Amino acid sequence: MVNPRHIFDDELKNLRADLLRMGTLAREAVDKSIKALINRDTNLAEEVITGDDVIDKMDLDIEMKCMELIARQQPMARDLRTIGTILKTITDLERIADHAVDIAKIAKILADQPPLKPYIDIPRMCELSLSMLDDALRSFVNEDVELAKKMCERDDLVDALYNQVFRELLTYMMEDPKAVVRALYLIFVARFLERVADHTTNVGERVIYMVTGVLKELNV
Amino acid sequence: MRFREKVYVFFTALAVLIIVGLLFYIIFDIVKNGIRVISWEFISQPPREGMTKGGIFPALYGTLLRTLLMLIFVVPVGVFTAVYLNEYGSGKNFSKWIRLAINNLASIPSIVFGLFGLGFFVLFLRLGAGLLSSALTVGLLTLPLVVVSTEEALKAVPNSYREAGFALGATKWQVIRMIVLPQALPGILTGAILSVGRGMGEVAPILFTGVAYYLPYLPSSVFDQFMDLGYHIYIMTTQSFNVELTKPIQYGSTLVLLILTFSLNIIAILIRSKMRRGRLG
Amino acid sequence: MEAKERIAYIVVSLLASVAIVSVILIFVFIAKESLPVFFNPEIKKEANLRIFFLTRDWQPIGLEPKYSFLPLIVGTLKVTLVAIVVALPLSLGSAIFTAEFAPRRLREIIKPIIELFSAIPSVVLGFFALMVIASWVQDIFHTSSRLNAVTAGFALAFAVIPITYTICEDALNTVPRELKEASIALGATKWQTTIKVVLPSASGGIFAGIMLGLARAMGETMIVLMVSGNAAQITWSFLDSVRTIPATIAAEMGEVAFGSAHYVTLFFLGLLLFSITFIINYIASILLERTQKRLRGER
Amino acid sequence: MNNIKISVKNLNIYYGNFLALKDITLDIPEKSITAIIGPSGCGKSTFLRALNRMNELLPNVRTEGKVLLDGQNIYEPNIDLVTLRRKVGMVFQRPNPFPKSIFENVAFGLRIQGIKDKEQIEEIVELSLRRAALWDEVKNKLHKSALELSGGQQQRLCIARVLAVQPEVILMDEPASALDPIATLRIEDLMRELKEEYTIVIVTHNMQQAARVSDFTAFFLTDENRAGMLIEYGNTSEIFTMPRDPRTEGYITGRYG
Amino acid sequence: MNNIKISVKNLNIYYGNFLALKDITLDIPEKSITAIIGPSGCGKSTFLRALNRMNELLPNVRTEGKVLLDGQNIYEPNIDLVTLRRKVGMVFQRPNPFPKSIFENVAFGLRIQGIKDKEQIEEIVELSLRRAALWDEVKNKLHKSALELSGGQQQRLCIARVLAVQPEVILMDEPASALDPIATLRIEDLMRELKEEYTIVIVTHNMQQAARVSDFTAFFLTDENRAGMLIEYGNTSEIFTMPRDPRTEGYITGRYG
Amino acid sequence: MVNPRHIFDDELKNLRADLLRMGTLAREAVDKSIKALINRDTNLAEEVITGDDVIDKMDLDIEMKCMELIARQQPMARDLRTIGTILKTITDLERIADHAVDIAKIAKILADQPPLKPYIDIPRMCELSLSMLDDALRSFVNEDVELAKKMCERDDLVDALYNQVFRELLTYMMEDPKAVVRALYLIFVARFLERVADHTTNVGERVIYMVTGVLKELNV
């Protein structure tokens, strides 16, 4: 017997695919923005900045589709939670992409300034945040609560790294007035990456809610 | 309160008991007294010795024949009248008139049919007093029976079948022929059987239209006079010169008539109940 | 295809008009044969409305034929009254029992059995009445004549019961089950439900059943012909022999000369009978339709 | 959670040999709306009719187990059915006013109780019609036939009719399935008002309706022998946002089977 | 937007003197599902039945205006009704299979066209049943009575029966209102598949259904004289998320009146 | 004739009241955090930090109510848009409150450090942002599209102020290494206020969407 809701399921599937695509774009944006920063690649930075429009549009698109699906298909229970999750997750993804833009803008500013010091912690933060995002998206696709929970735990590492970067750069600033601007920007970058991880944690919480019906803040 | 209600209900049950008891008593009495008389001879022989002896063959023959003739007339007329009423005529003035006529026919006392048969078929159409006049007269009398039961059967065919037929591009006659009539067949059959059962036992309408007290020969054409079972009973019980002597014959004839009409009615009931069950399933 | 349709339509319409034509013909012919009562001076001398309704004797055979309808009407009314008095409680009671109180199985047995009554030809009923009921009546009432209004009325009741029963039962049955359930769910007992909800809802149908039974009783021929004694007399006693209108026609029509005053009078009786039963039936059918409509929830 | 009004314990109902409801145990809280949902034939109506012993009008029905109304088992032999059914009123699927006047419909329950006092009757009739949110619409035609009302009005009249006998519990078997969407919403609204004073149990095919109107929802399903069972029972919002049983989830999201 | 399949122009329909539909103008695109919604009595069924001239089976109906099917006015006098109704098939509210075998039900439309070729008939029957997503469920009992099927199966059979005469348009008047929720969803699913090839117009009381299944939605309402009018017509998603007319908004959010 | 949906309307009204209450709380949190900063009031700062739990809980609560309302009442058209608006708006409000917490934390840190300079621009930014938030909430209550639009325009002022503060503080940092930490924190504060205004703009966009059905980003 065919599932009588298969059309709705198809639409839901499309929506999830859309979300995943958006997640991937956001992830790439962050990745590229950090690459642009490190490699002083203004073109790449510009790409991230202009690319954000696509993501913003996807955000709107998906939201409208969700509303339409609610209006037209009267989802209940898990279906409804899925749509709720998508609705909230796209906001986080959109924010993540915005942070990528913020970073890219800083990359553009710093591109023609001498490097303060070799980038070590920031790429590590980026890597960590993005691996979290990967896991968040994967847990969404596979409805994998365990993965989501583990992923959320890693947020602490990102926070620790942020504090470390913050303190280090603070020292630079106090030591060398000429470094102030650059260091400040880098602090912002670190801060943005920390936010990326925070938003990623939100996604994880949402996945858990979607599957279990329980919504709990994990990154207090 | 409760007790009083039980008493009421008891009285209604008592009514049933009385009616059913009487019915069974009638049957019992007739069977008890009639069964001894019935034999092959009784069925197959003509009456003898001034109708004090012998059988009832000519009467039985006459009854069956006139009923058959009636059927030939009444079934097509009745069925198609019903078809008209239910399929073609809804809302038309003509069908209001037909319906009025049918209701009217059903309400006319049988003796009035007899008068009409005499005035119209026998005298006006000059069909003479015979099988045909009688059959037509009785036919008119049972026409409402056929129309009503056919119409009921037609009505029981859900309108949605017709709409479905039309929506598939069928014409009216196709819908009637291929969907409505087959579906209504059991009902039509019941109507026909009931009309036979009814017509067979009617005496009043044939009193003046062709029945004979005694005939030495069987009717050979539809214009001939005939003997009839019901009339036979009537005559034997009221006009016979020796009522006591012919009592067994009276009972025998009555039993035969009763068996005929009952069996027909029982068949009709069976068909109907089967039909009803079929519709539910 | 078009032609077939047209032919089918024409044939069906023609057959359908048989009923109308018949009714008209019946009326026309009965009326035609009885019209001389008004228009033929010869016949008017012997048979006219004054004689029919203002004299007291029915003696059609004899030197001076007397054609008063009054004894016939009285006779008809007597047997009808007896028939209704006997049949009504029995059939209505049974209808209530079958429709409301009998378990379903029992009901499916009772109903066809009672309806089988209508399958008994009236000669057979007449015969039975002659053989059995007449004796009962004589034993009970110690009458001089076995054949009288009570006997005939009693026998007629057998003819009336199935009609009245069937119509009443149907009427009770068409009362929607939801109505009964509603009443019971409101805390009414079954009997209260029957009396307060079911009977009022079905009252039109029940009344119609009674009327139709009445018409049947008035028009019935063979039974009364066989067991009423056929004495045309006006008395108060129900234990006297009576002669009814249909029985008179049946008994006398066979022996009259066509076109004679007697012949015409008999046809006029037929016309009278026809009219009375027509009116009763008409009222009944209106009642029935109205109740059914109401129960179906139409206005 | 309110007090328990009706407590069903290990209820089994048979039609002849066919087990239509299997081992139902369930507590219905006072002054709330409890909805029974489930696919066709799962025994919803049977369950509902068990609560005022209406099943007994059908032949061959056998009931096992207990139904406690205020702690009293209604299946005990000494229970007075008439009193029980006045306490536990019922509204049916199709509006079924008696073919009498509007007034007489509502007065019916009083008259069969033998109440004769005209004023008292008038008072109760008005009160019941008011409670059923019908008074304003019919006050000028109380003696017109109830059959002239619209479907939704008729259904409210049926509710008024039940209210007149002062029930404590009102059972409703798909009370809006014969109505159009607006009339349906009005009936639902009325239910919500009535639950201030009455305990209401409804059966509905329409899941959305159960979701909209009820406080508690019971989900029934048939097992392999077509016997109806209780699958899940709880707060309506939980049932519709996070049901515990996957079969409930499947049913309410339309993926059952 | 697809091509226009049916174009209704200034349609007025009278029952006797009563104007039931007033000046309806509306274009129905090909290969899509168009839903007609609106309160009871607003003329939805009347509108639908105007599209294959089924109204003419009722007495006293008068139709003004035009209904163009592929540009051809079906109300012109020389139109062959039989052909029209084969082109514009209809599925009714309650499943109404003929009391014949499953096979004969589907074959009916062919037989009335005078098709005798057994193989051809068998082929078309199978194809139609497949299209109606019923073949697998009935292929082993084609000659059993159609009345033995479940409600949902019967409705799909009725759809197959229409498909067998190769219509271009399928009209459905509340095709799922007699079905349980699951069967309803299956019918809706089938509709979505059918719209690949057919133009479908449905009437439904169930707003949610219109929302779920249709591409375009027309909202009808009656005016003060109880004449049905078209209030709004457009994309289903727009109608249900941002209707332009406040009356539409009122109706779909349940606040009409 | 009574509105047959009046219970649903009541619930929707409750939800809107909840949202308003949450908005007011968020607004107060921001207000207090800035007051705590300026007045070096660690108690007040602490109050903001602990008070955030209430707002977080409200966020969850309202979201769950929305989901329940969707599941139980099948809202359509404007009803649905209202719920969608509420769902999204609470995220923004929650973020605004979070930023208040961030500011409060900084207030605590800076409380025992000498003031860098008198606060002028930051209070102005705060005032401006909060007036925007007030207008946003008012436009939500009154479904006032015009007010929402005007409010969004003021975001540019906030952005301008932010840039000004940023540059000024940058100068401080470059001039005086001892000022670095304090200036950095103040930059963060300014940044947070700027974010508050951004989130407020989002609320405005949502209000416009709710009323008109059109969703457009106004603060690109």
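To keep things simple, chains are lettered A, B, C, D, E and F as they appear, and every chain counts its residues starting from 1.
Just so we're on the same page, a residue touches a chain if its C-beta (ideal position, glycine included) is under 8 Å from a C-beta of that chain, and two chains touch if they have at least 3 such contacts.
Owing to the predicted nature of the structure, the values given are computational and were not obtained by experimental measurement.
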* Structure fact -> Neighbour overlap between chain D and chain E returns A, F
* How many Å are there between the centre of chain A and the centre of chain C, using C-alpha atoms for each centre? -> 94
* Could you give the separation in Å between the centres of chain B and chain D, each centre being the mean of its C-alpha atoms? => 51
* Name the residues of chain F that each touch 2 or more other chains. => 4-5, 8, 64, 67, 71, 74-77, 80-81
* To do: List, in ascending order, every residue of chain D touching at least 2 other chains.
  => 182, 185, 207-208, 211, 240-241, 254, 257
* Multi-chain contacts in chain B: which residues touch at least two other chains? -> 171
* Structure fact -> Every chain pair meeting the touch definition is listed as A-D, A-E, A-F, B-C, B-E, C-D, D-E, D-F, E-F
* Contact residues on chain F for chain D in the complex? -> 2, 4-8, 64, 67-68, 71-74
* To do: Can you check the complex and tell me which residues of chain E touch chain A?
  => 133, 182, 185-186, 188-189, 192, 208, 211-212, 236-237, 240-241
* Structure fact -> So, in the complex, the side of chain E touching chain D is made of residues 39-40, 180-182, 185, 205-208, 254, 256-257
* In the complex of these two chains, what residues of chain C are touching chain D? -> 103-104, 176, 178-179, 181-189, 192, 196-197, 200-201, 294-295, 297, 299
* To do: Give every residue of chain B touching chain C within the complex, in rising order.
  => 1-2, 5, 8-9, 11-16, 18-20, 22-23, 25-26, 29-30, 76-77, 80-81, 83-85, 87-89, 94-95, 97-98, 100-116, 118-120, 123-124, 140, 143, 147, 171-173, 176, 197-198, 200-204, 207-208, 230-231, 233-234, 237-238, 250, 254, 257-258, 261-262, 264-266, 269, 273
